[in-house]
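Below you'll find a set of structures to go through.
Paired with subunit B in one complex and with subunit C in the other, subunit A is shared by the two complexes that follow.
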Partner chain A sequence: MSFEVLWRYAPSLLSGFAVTILCWLGGSALGLAVGFAIALLYRLPFAPLRWLLRVYIEILRGTPFLVQLFLLYSGGPFIGLRLEATTAGVLGLGLYSSAYFAEAFRAGFSAVPRGQIEAATSIGMNSFDILWRIALPTMLVATLPAIVNLLIVLSKETVILSIITVPELMYQMQTMAAETFTAFNAIFAMAIFYWLLVETVSRLGYRLERRVTAYLSPEARAS
Partner chain B sequence: MQPQVIAHSLAYLTLAAGMTIYVSVAGIVLGMGLGFAVCLARVSGNPVLTRAGAFYVSFFRGVPVLVQLLFIYYFLAEFGIDVPAMAAAIGGLGLASGAFQAEILRGALNAVPRGQAEAATAVGFSRIDIWRRILLPQALRISVPPLINEFTLLLKASSLVSVVGIAELTRVSMNIASSTYRPLEAYAGAGLFYLAINLCLAGLGILAERRLSAGSAR
Partner chain C sequence: MSAAMIELSAVSKSFGAAPVLRAVDLAVGKSEVVCLIGPSGSGKSTLLRCVNFLESYDSGEIRIEGRLIGYEDRPDGTRRLMRQRALREMRCEIGMVFQHFNLWPHMSALQNVAEPLRRVRGLSAPAAAERAKQVLARVGLADKAASYPGHLSGGQQQRVAIARALAMQPRLMLFDEPTSALDPELVGEVLEVMRSLASEGMTMLIVTHEMGFAAKVADRIAFLDGGRIVESGPPRQVFHESQEPRVRQFLQTYHDRNSF
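Up next is the complex of A and B:
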């Protein structure tokens, strides 16, 4: 194990790390936005729309992310969708995660007690206010643990983008391994690196979660 | 779109789907054994075993499956241990899945009310009987939905073993895409196969849940 090679390749590895973080943030933001829109549309009393959304969710959840990426990146040009690798990666990550986020938000909406909605209606709030002031805050707190969990899973999912040549960390590591014949160093460093990254993200996530849901804990309720 | 591309390579895809199922099932079974062992280690009360179990879970949940696969396939070769592609694939999936299954089982065991084990001790059950007749039946029932969820995730993760050269669905659809120049159809075909297998898994899950909860009054 020589650190000299890792040191020499530090600039490309750092740029790879930046791309990993950017893809993760971009994909998550897109996924959260689309997922939220789907969860809102799902509440409309219009059955055919709900079936369509269900099909969308089942297809994205039931097929591997790698296959979806291939479909988007190498299948896309056949229907006039010519994307750069990184764009395809972020778009793919966003669409894939949107199905999971939508399900999380949907579950969150159903966790809002019926009585609260009924109470809000009876004191004359309109449906937008009910959504904005009653349903949304409760729903967001209820879904936060699931959202944090999904974000952690997504941070690991970015590794797959290397297969369609997005220049993220895994890709840079493999390039380094191929150029210097140091597969040993590269894979070892990758395992440690991603482990630290995911551990950090999950610790931060749990802290955020505990902070936001603090008022739900038994001590807070008693006081 | 030329759907006939899928029709032409249907036999090829079906064979590959068989390989996907084989690798996934082997990974699930290995993961179950490991998950059970790790879960037992974590609830054993022995500080060394508990630590070791916690470390296993943290490492194999924290490192992406793709990195684990490359680790086993290329890293171990550095020490002269030549791991065959199939063993690396099943090992990689199984090790990762073991961490998740261990946590699911541990969560389910914690969900069994403490008073039940205490009551069983009070009426003179042996430790093995408490596990066999009180804890495990209930823990298994609780853990079926999350386990099925984990299995569908593992089935999808099995697309990654294509990088160590196993001819499963994803690898075969890559071959079809490059020999027919129709990637859209090839990958859509593979996607349909994955979807079908996953729907079957979900169906099995509902059956298992109904079967296991038959004895409980609810």
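Up next is the complex of A and C:
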């Protein structure tokens, strides 16, 4: 294994890494925002809307991300949607993940104990304050482990963006491997990069979790 | 004639086909303390929860200081659900204390008490915190203001919950088995707070299994069975002179369990 090759390709690998991080953060932010909006809309007492949201979630969860990405990038132009590769990548990742985030948030809302809502209702708080001040904080804390988990999964899904020529890490690695016949080096370096990234995210997530659950009783936190 | 604080007339309610309240009549006057007792499943909690419309009732009327709660009468004699805003205005005058405290776990004791003052009464943050401190001191928890519910004992949590309701300066208070979830040694501190509230003239409707407390503090006891009030009167009359077999049997079971 030659480190000399990796060194020579360092600039393109680093730029690939940067693109990976950007796509991951951009896609996640979009997914979180859309997913949260879906979970909120889902709470409205309006059956047709819930049905539509259900269909959206089922389609995005039921088809491979690779297929969605191809449809968006290569199929888009047929309906006049001509996207640059990275834009399509971020948008695709965002829409794909929004279905999963929506489900995580929805489960989080149902984890808010009924009694907390009843206490707020009985004291005369309005629905907006009950949602914003009472349900949301408890819901977010309950959802946090699932969110961190999804973020980790998404960070690795970014490799699929190389298929539509987004110049992220996987794409740069493949280029290097093809030009220098050093496939093993490339794969090995990839593994290290992603492992470092995931390890960082998971540690940050764990610390955040400790922090936001500080108010819970020692027994409730123990898990 | 001044209206009763709470007046229920012919209140009925079913869960599906199963009736839980059958034509209940009950009046609670100003500064009166009324305890609802009876076997589990007799409809006590449901009745209490209808008073602030946490549960809807199917027919009959529940009036708070003369005003119908939960419904609005239409000119044609039918009625429809009350507007949310009007219902909220009525609810914030009715304090409620729950069996499981129902504090908001992400807020400190102080924030739990101050939050509704800010959101419902519209107080500024400093004014809400100031009043919250006073009320916490009143239930003996001045030193626990910064603690989160998860770090308080059950008795302390329930006192915070009482403070939360009390800070709103309600016209009346509802208690739904306020000591049933507490360890026996913590029951006393909560009952003590309730006793002092009663002595200050708070109107209280209390669902409880604490017969000793009911006998000493209540002005009136109402015994429910199968969704009906089968006996009602001063504690002495219900506890010692009742001829109603269901009441006697219930009290007998209670005595048997508590003597050893």
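The criterion applied here is as follows: the second predicted complex is superposed on the first by the 217 of 223 C-alpha atoms of A that agree within 3 Å, B and C clash if a C-alpha of one lies under 4 Å from a C-alpha of the other, contacts with A are read in each partner's own complex, and residues count from 1 in each chain.
As a working rule, contacts are C-beta pairs under 8 Å (C-beta built on N, C-alpha and C of every residue); 3 or more make two chains touch, one makes a residue touch a chain.
Because the structure is predicted, anything quoted here is derived from the model rather than measured.
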Q. For the three-chain model obtained by superposing on subunit A, do subunit B and subunit C clash or fit?
A. fit
Q.
Output check: A:Trp195 vs subunit B and subunit C. Expected answer is one of first, second, both, neither. What do you get?
A. first
(Q) Going by the contact rule set out at the top, does A:Glu84 touch subunit B (first), subunit C (second), both, or neither? (A) neither
Q: Could you say whether A:Met170 touches subunit B, subunit C, both of them, or neither, answering first, second, both or neither?
A: first
Q: Scan A:Gly75 for contacts with subunit B and subunit C and give back first, second, both or neither.
A: first
Q.
Quick check on the superposed pair: does A:Phe65 touch subunit B, subunit C, both, or neither? Answer first, second, both or neither.
A. first
Q. By residue count, is subunit A touched more by subunit B or by subunit C?
A. B
Q: Can you pull out the angle centred on subunit A between the C-alpha centres of subunit B and subunit C, to the nearest 10°?
A: 100
Q) Thinking of the overlay built on chain A, is A:Ile134 touched by subunit B (first), by subunit C (second), by both, or by neither? A) second
(Q) I'd like to know which partner A:Glu4 touches here: subunit B for first, subunit C for second, both or neither. (A) neither
Q.
If we overlay the two complexes on their shared chain A, which of subunit B and subunit C does A:Glu118 touch? Say first, second, both or neither.
A. second
Q.
Once chain A of both complexes is superposed, is A:Ile160 in touch with subunit B (first), subunit C (second), both, or neither?
A. first
Q: Look across subunit B and subunit C in the superposition and give the shortest C-alpha distance you find, in Å.
A: 22
(Q) Let me check the overlay on chain A: which residues of subunit A are in contact with subunit B and also with subunit C? (A) none
Q.
Applying the document's contact rule, which stretches of subunit A touch subunit C when the two form their complex?
A. 113, 115-116, 118-127, 129, 133-134, 137-138, 141, 215-217, 220
Q. For subunit A, which residues are in contact with subunit B within the complex?
A. 58-59, 61-68, 70-71, 74-76, 78-79, 156-157, 159-160, 162-163, 170, 183-184, 187-188, 190-191, 194-195, 198-199, 202
Q) Which residues of subunit C touch subunit A in the complex? A) 52, 54, 84, 88-89, 91-92, 94-96, 98, 100-106, 108, 115-116, 119-120, 148-151, 161, 164-165, 168
**Q.** In the complex with subunit A, residue positions of subunit B that touch it
**A.** 58-59, 61-68, 70-71, 74-75, 78, 152, 156-160, 162-163, 169-170, 173-174, 177, 182-184, 187-188, 190-191, 194-195, 198-199
